[in-house]
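Multiple structures are listed underneath, in structure tokens.
First chain A sits with chain B, and in the next complex the same chain sits with chain C.
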Partner chain A sequence: MAYIPGNTGTKLDKNFENDLLAIADTRLVLGNWYAECVMNGRSLPDFAAILGMCTSNYGHTRAIYQFLAAHGHDYAHLERGRDAAAICSMNVLDEAPAGWEDFIVSTWLTELATWMLASGFLKHEDRAIAGIAKKIGEETYFHLKYAQGWFQIIGEGKKQSELFQKSFAKRFPIALQWFGPATGKDPLHDAGIRDVPLKKLRDAFIKEASNAEKILGAKLKQEKSVKLEKDWRRDARRFGPIPDGLFEVVRFKDAEIAH
Partner chain B sequence: MPTDERVDRIGRETGGYATRHRQLHTDDPDFKDVSCPDCKSDDLEVISLFGGATSEVMFRCRTCKTSFNWIKWRGKLPPVPSVDD
Partner chain C sequence: MVKGKKKIDQKRERGGKQPKYYEVFARKDSASELSHVGSVEAPNDQLAQVRAWYIYDQHKWREMCVVPLDSIITVTEEGKSAKIKMG
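Now for the complex of A and B:
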């Protein structure tokens, strides 16, 4: 049955579904990043923050998977039945952090980008998805605040600032690819499912990312346009499958005993 | 991530970070309406942006030394582009 907002059981628009899965899968992998890296925190408040952000991100993933399950997907398959090629997380999380500054840059860019895409559904007529977008925003607000606190601390050290700049120069263009081509068709907006054009979300991401300069107190090399990788897929918002090592971290280890 | 050997190179520098965090967030305008539940003082410091639960910020009252958690979500969202921008 064609999608009727608010009517569970109706089939979602395919592009809508793809974007929701891209957000959910990215938050799943981000949650795993936090879980894996928590012991690299610099203090107990860091441990509490990283674990808090970990559970928030798992919660966002679960909420979106449940929404998709209410519209014809198999929840168990979404959560623990897919192979590496089917997981649509941001490429920026493919490579493990090389240090603390790289961890802060990578997680912050991921939080910001996924929030931007989710924010396009804030006024969606289906209250379930609008509510999920709002909740993601409320929680991400404090995740970004945590990262910005670290920008200030990192900005006070010359070596740390340089590591931040180096990480940003490498990670930002990869993160920007998540938004796809700077021009071209925007089927979700054209269909009235997302009220904000993707280009505006992409521009807002660039602008917000550039604001880190003020807090950090150092220039950041920021490319306004990036060439998409040849195998970049619009449906997954990524190129290639997630690396085997990362899949080993995020995959469910005992799917057969899950309930 | 443990599957990548580079994780071993993440060093742990000790000292100062927790204190620095408190300084960074204590005067945050988002917390200007918070007061101590015991003595009502607004002379507070942020111990941790994430308290015993993800939903809480942990404060310490400088007046009566009470520590308390405050539910953080007040509907504030990160910057978002509008269709009218």
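Now for the complex of A and C:
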């Protein structure tokens, strides 16, 4: 049955489904990043904040998987039945953080990019998806604030600022690829499913990312146009499969543990 | 996991030679008084806000705020050597 907003059981628009899965999978991998890196926090309160961000990201993933399941997908398959090639997480999370500054840059860019894309569904006529987008926004507010708190501290150290700049120069162009080509078709906007054009969201991401300069107190090298990798896929918003090492971290291992 | 050994710059990352503290106040609804719920250690206001939000998550607060401990001026306190209690 064709997609009817708010009517569970109807099949979603394929591009809409792809974007939701890209947000959900990225938040899943991001949650795992926080879980893996929690012991690198700076104090017990820092551990609590990192674990809080971890669980809220898992919550966003779960809510989107549930929404997809209400529209004809198999929840168990989404959560634990897919291989590395089917996980649609941002390429920016493929490589493990090289240090604390790189961890802050990577998680911040991912939070910001995924929130930008989710914000395009805030006024969606299906209240379930508008509600998920609103919840992501409310919680991402604290995740971004956490990063900004660290920009301030990192900016006080010369070496730390340089490491931040180096990480940003490397990670930002990869993060920008998530939004796809700067120009071209925008089927979701054209179909009225996303009320904000993708170009506007991409521009907002660039602008927000550049605002970090003020808090950091250092210049950031920002490429406004990036060449997409040859195998970049619109449906997954990424190129290539997630690396084996990362898949090993994020895949569900309950069947093995049970034995 | 972040590569390399974890090194903490006490002054930058914890607020000074001694950790910097913030007192946390919150209210459940507009009819409730703003009450002291605890304290958090943080090197700046932004991290204090986030840490307080995640640590004192026992209620869906209508309002929460943090106050740097060194901004609190004691008017009266029983016992000459008493300090403001934390935690």
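Heads up, the rule we're going with is that the second predicted complex is superposed on the first by the 254 of 259 C-alpha atoms of A that agree within 3 Å, B and C clash if a C-alpha of one lies under 4 Å from a C-alpha of the other, contacts with A are read in each partner's own complex, and residues count from 1 in each chain.
As a working rule, a contact is a pair of C-beta atoms (placed from the backbone, for glycine too) under 8 Å apart; a residue touches a chain by one contact, two chains touch by 3 or more.
These numbers were taken from a predicted model, which means no experiment stands behind them.
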item: Partner chain in contact with A:248 - chain B first, chain C second, else both or neither; value: first
item: Touched partner set for A:204, first chain B, second chain C, both or neither; value: first
item: Which superposed partner A:119 touches (first chain B, second chain C, both, neither); value: first
item: Contacts of A:99 with chain B and chain C, given as first, second, both or neither; value: both
item: Which partner reaches more residues of chain A (counting touched residues only), chain B or chain C; value: B
item: Which superposed partner A:49 touches (first chain B, second chain C, both, neither); value: both
item: First (chain B), second (chain C), both or neither touched by A:40; value: both
item: Common interface residues of chain A - those touching chain B in one complex and chain C in the other; value: 36-37, 40, 42-46, 48-49, 51-53, 96-100, 103, 142, 145-146, 149, 152-153
item: Contact footprint of chain C on chain A as seen in their complex; value: 36-37, 39-40, 42-46, 48-49, 51-53, 96-100, 102-103, 142, 145-146, 148-150, 152-153, 156-157, 160
item: Residue ranges of chain A in contact with chain B within the complex; value: 32-33, 36-37, 40, 42-46, 48-49, 51-53, 55-56, 95-100, 103, 112, 115-116, 119, 122, 134, 137-142, 144-146, 149, 152-153, 195-197, 200-201, 203-204, 208, 245-246, 248-249
item: Residues of chain B defined as touching chain A within the complex; value: 1-4, 6-7, 9-13, 17-18, 20-21, 24-25, 28, 30, 47-51, 53-54, 57-58, 72-73, 75-83, 85
item: Chain C residues within the chain A interface of the complex; value: 1-4, 6, 8-9, 12-14, 19, 40-47, 49-51, 53-55, 57
